[in-house]
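Look at the two complexes coming up: chain A is in both, with chain B in one and chain C in the other.
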Partner chain A sequence: METTDILNEVNTIFKRIFENDAIVINPETVADDIDEWDSLNHTIMIVEVETHFGVKFKLKEIMGFKNVGDMCRIVKIKLDEKKLNP
Partner chain B sequence: MVFNSFNFLLFFSLFVAVYFLLNHKYRWMLLLTGSIVFYTFFNVYGIFLFTGVIIFNYFSGIAIEKATNKNIPLVLSCIFNIGCLFLFKYFNFFNTNLTEVLKIIGVNNPVPFFNFIMPVGISYYIFQAIGYNLDVSREMQSAEKHFGIFATYFFFFPKIAQGPVERTRNLIPQFYEKHDFDYSRVVSGLQLMTWGLFKKVVIADRLALFVNHVYGHTTSYSGYILIIAGIFYTFQLYADFSGYTDIALGAAEILGFKMIKNFDRPFSSKSVTEFWKRWHISFSTWLMEYLYNPLSMVKRNWGKWGMVYAIMITFTISGVWHGVGWMFLFWGVINGIALSYEVLTVKFRKKLFKKIPVALNKHISWSITFLFLCFSFSFSRNNNLSEGFHFITHLFKNPTTQVDLFNLGLDPLNFIVGVAAIIFMEIVQYYQSKGSVREMISGKPMMVRWSIYCFIILAILNFGIFGTNSFIYIQF
Partner chain C sequence: MLEKIIESFDRHAAENAFCISNNFFTYSDLNKNCGSIQGLINKLQLPDNSNIGIVTYDDIQTYSSVFSIVFSGHAFVPINPANPSERNKAIIEQAGIKYILSSSSSESLMEIINSGITLINTTEKITDSIFKPEALDKNKLAYLLFTSGSTGVPKGVPITVGNLDAFLDAFFSLGYKINNTDRFLQMFDMTFDLSLMSYMAPLCIGACVYTVPFDAIKYTYIYSLFEDHKITFALMVPSILTHLRPYFDEIKLDAMRYSLFCGEALYEDIILEWSECIPNALIENVYGPTEATIFCMTIDVKREGGNKSFNGIIAIGKPMENTNSINVNENNIPLGAGDKGELCLSGKQITPGYWKNELKNSEAFFILKENGETVRYYRTGDLCYFDNDGDFFYCGRVDHQVKIQGFRVELNEIEHYAREFLQQHNVVAVPFTNSIGNTLIHLFIENYSGSFHPLTDYLKTKIPSYMIPNKFTSIATFPMNANYKIDRKALAETLKIKN
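Entry: the complex of A and B
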């Protein structure tokens, strides 16, 4: 799966969590860009992304996310690792 | 040397003059020396612990950066820093309680007390040191190699006594930048310092006369006296702490440094969650970044209860950080419970508020939040649990004896001046919500500008309470 596909699927998750179909995210999107993105929704979003892609982030990885792009990049690395070591 | 003293006025004026005359490459030496002199006015012996902490963290940062397994030096540095804080701030409190417990079973406490005055600013510099080591371990910044700059960052006098709780990644790079004398920046810094001084000496220290009198004899009062004292204490605390911060940020701005914002109209908050994003921001973001976020993420599969878990731990530590004693612990727990309630009921409250007109919703939310804040602050101001219990149980009881409101530290004139100054501060803060008041003033004609300056300075000189020797948050 390419990073752009991951971003599109994450966008769908965002629309569902933030109950807003108009949300369009990009790799540079940060919490300040979305009104309802508080710490509660942040936690829900991380869990939803993990469940959707079947991956588990390390705490250090989550703490290092500076924007949506960072998260999608880690998802891609984990999906690629899973493909190599199913 | 506190900010509202003549000594500081003299020290800072001389310091600024020499600072701008000196070549940039020597300025960190002046900042370090000046800051050490400033600190020694509080506590000469505290300088040795502070220096020890700086030396340890200088090497621990480098060790963390070089280590393959960063956890070992990181954990060691945390043990050292928390150990110092425990020993110098909390040890005697624990020992006192241990003595009481052992007394019940008829045993004498063999552990001796630690006779040392708590060093000023210890909670602030220890938390900054922990944050620095965590940042290096997360590779968010490299370890600082210049020991002089590293020590200057920690000793930097505007923040040495009561914050803001800075981040090395924000302030250290600024010590390498050359700061030329900039007239408009100096004027802006002076405006902020003057406003901070107004809040401190006209509002905080005036309200303190009433607050200290009532809280000094809590059990003698009930009803509206306790309510007024509670509201006054809430404004006193804010004016005192934000006043200090304004002076600190203004002093740093004059020298060319931009420190973290610490307050953003906290009493305009419409929830306790919002309040903690607006009050003591440098500290609450520290807790959020280094404690709450990791804790809530570790327990993210618990959903909202994972957040409640993280909130309760974070606010209990916040309470304990603020002071030694059960009252501070309870204050932290009360705030943790309020935030947990807001997390658990967020969807229900959103649905409920959709049925209420927006304006009414705002006023109800603001009123509930403000009353909660007054309650939590005023409760924690009590000297012990029994006085705190009296405070809660007698808030709405009529006074049993006749009490003259104007005989409790403030005569009618001073009482009115105090209330008027609070209203004036809130009006200024309302304008702050529209944009920078300092920029608004700068855009006015000279006559208007100087009229405002004269008004504030005359208010400070005429209505200021001078001679108080401390700020509330300095004890934390």
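Entry: the complex of A and C
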């Protein structure tokens, strides 16, 4: 799966959990750009992304997410690893 | 005890007092800022013990403002710029505030500055102003905090210098082995009184306070502070643990020596898992309403398990020095061990009474004769019992308050504003627990076919974000109980069935 596909699927997750169909994200999107993205929704979003892609982030990785693009890149690395070591 | 903070200004002048957004400020920096801000306050020539607002940003000017105000004989009223301007206006009006200290003048802030109120810019430096702390008077107010009120009007809780001093005295009597080398977490919004312990206690002993910016994703920022700065003392609300729980297996914080929890029910299962992450820490559950100054009861958590608990919630323990706890029935008659009743508190930490609210005061406070003396008790609204050892157990609320992210929330207040917007519709706010264990609000609306978005938008202008319902459901007719009251329990049950 390419990073753009991951971004699109993450966008769908964002619309659902933040209950806002108007949300359009890009790799540079940060929490400040989305009103509903607070500490509580952050955790729910992380859990939803993990469940959707079947991956598990490490706390250190989450702390390193500067924007949505960082998260999608880690998802891609984890999916690629899974492909190599199913 | 409060004077110890001033002693630290000299004794620990070159040591760090605050770490704010990774910038360090020494006690000398704090002293200079206090001097400058006191200079600004003195220019105002205010009547003694005036209420002065502080817009609570996460910066050194804001913290310095607290000490400049209290040590100039006045009381501070924290105002969170992120809260709805209407709520802040109500607070400013109720507290009779004429001057507000602020390190910034954002647009949202200007909305709350009515005519007749002056904003004092605390970044303005008065270089020759040396901080001259006044001798403290225990009867003067130190601060005035506002909590959620059932009529939609926030309730003011005034805390005196004597109350605050009694808290610090009781805190240091707990025997924690802490000193100027300790590093304290300060994760709380300054309108929440747990913040006061988190920065005042460390400053009393010359330790350093590590703050969490308001706009940060809290649990990741807190964890970075734990890791990067080897925090040794952390008072947190238990909901932080529900965020960190999926990563407990990665966490090992050898430097943590004291891990305290307050503000919400603490469940034994999660705290025992957390204990593995902090192998060298003493874990404590502490309890107390704002009306009894920060916290006033405590119990050690045994990391090997077998803790005293009720429905999985760790006991809240025994009163600290300066507080007495009893359980009473609806006629204010003290109950014995094992009997459930309302927890009532007395002692030096109890507020003199709600701010200009005699009706609420007559409901919340009562007098008991004890050994020939009259003792004034505060009703906490918490349903409790105590065992033969004198340890108290929290069993729930006797009214419609819930704790959300540690904030005390009156469900009636949410309903009040929802009804105000919806006009003809009945509403009921019901707390529920989400998949990761956080308490959230589900708002039921009777016979409503419109969109929920305009309602949410309206609520955002009235109440803080943590009070905004997360889920909405319209129901044709609300269930009624035997007394023909809306059956809240039945509505709550529908959530359980759904989940």
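By our rule, the second predicted complex is superposed on the first by the 86 of 86 C-alpha atoms of A that agree within 3 Å, B and C clash if a C-alpha of one lies under 4 Å from a C-alpha of the other, contacts with A are read in each partner's own complex, and residues count from 1 in each chain.
In the analysis below, a contact is a pair of C-beta atoms (placed from the backbone, for glycine too) under 8 Å apart; a residue touches a chain by one contact, two chains touch by 3 or more.
None of these values were measured; they are calculated from a predicted model.
Peer 1: Looking at A:47 after the superposition, I want to know if it touches chain B, chain C, both of them or none. Which is it: first, second, both, neither?
Peer 2: both
Peer 1: Which partner does A:31 contact after superposing on A: first (chain B), second (chain C), both, neither?
Peer 2: Second partner only.
Peer 1: Pick one for A:84: touches chain B only (first), chain C only (second), both, or neither.
Peer 2: After superposing on A, A:84 lies clear of both chain B and chain C.
Peer 1: Counting only touches as set out at the top, which of chain B and chain C does A:39 meet: first, second, both, neither?
Peer 2: Both partners, chain B and chain C.
Peer 1: Across the two complexes, find the residues of chain A that touch chain B and also touch chain C.
Peer 2: 38-40, 43-44, 47, 59-60, 62-63
Peer 1: Spell out the residues on chain A that touch chain C in their complex, using ranges where they run on.
Peer 2: 31-32, 38-40, 42-44, 47, 58-60, 62-63
Peer 1: Help me check something: in the complex, which residues belonging to chain C touch chain A?
Peer 2: Touch residues, chain C against chain A: 215-220, 223-224, 242-244, 246-247, 250-251, 405, 434-436, 438, 440, 465.
Peer 1: Per the contact definition, I'd like the list of chain A residues that touch chain B in the complex.
Peer 2: Per the stated touch rule, the residues are 38-40, 43-44, 46-47, 59-60, 62-64.
Peer 1: Along chain B, where are the residues that touch chain A in the complex?
Peer 2: By the definition above, chain B touches chain A via 138, 273, 288, 292-294, 296-298, 300-301, 303-304, 306-307, 343, 346.
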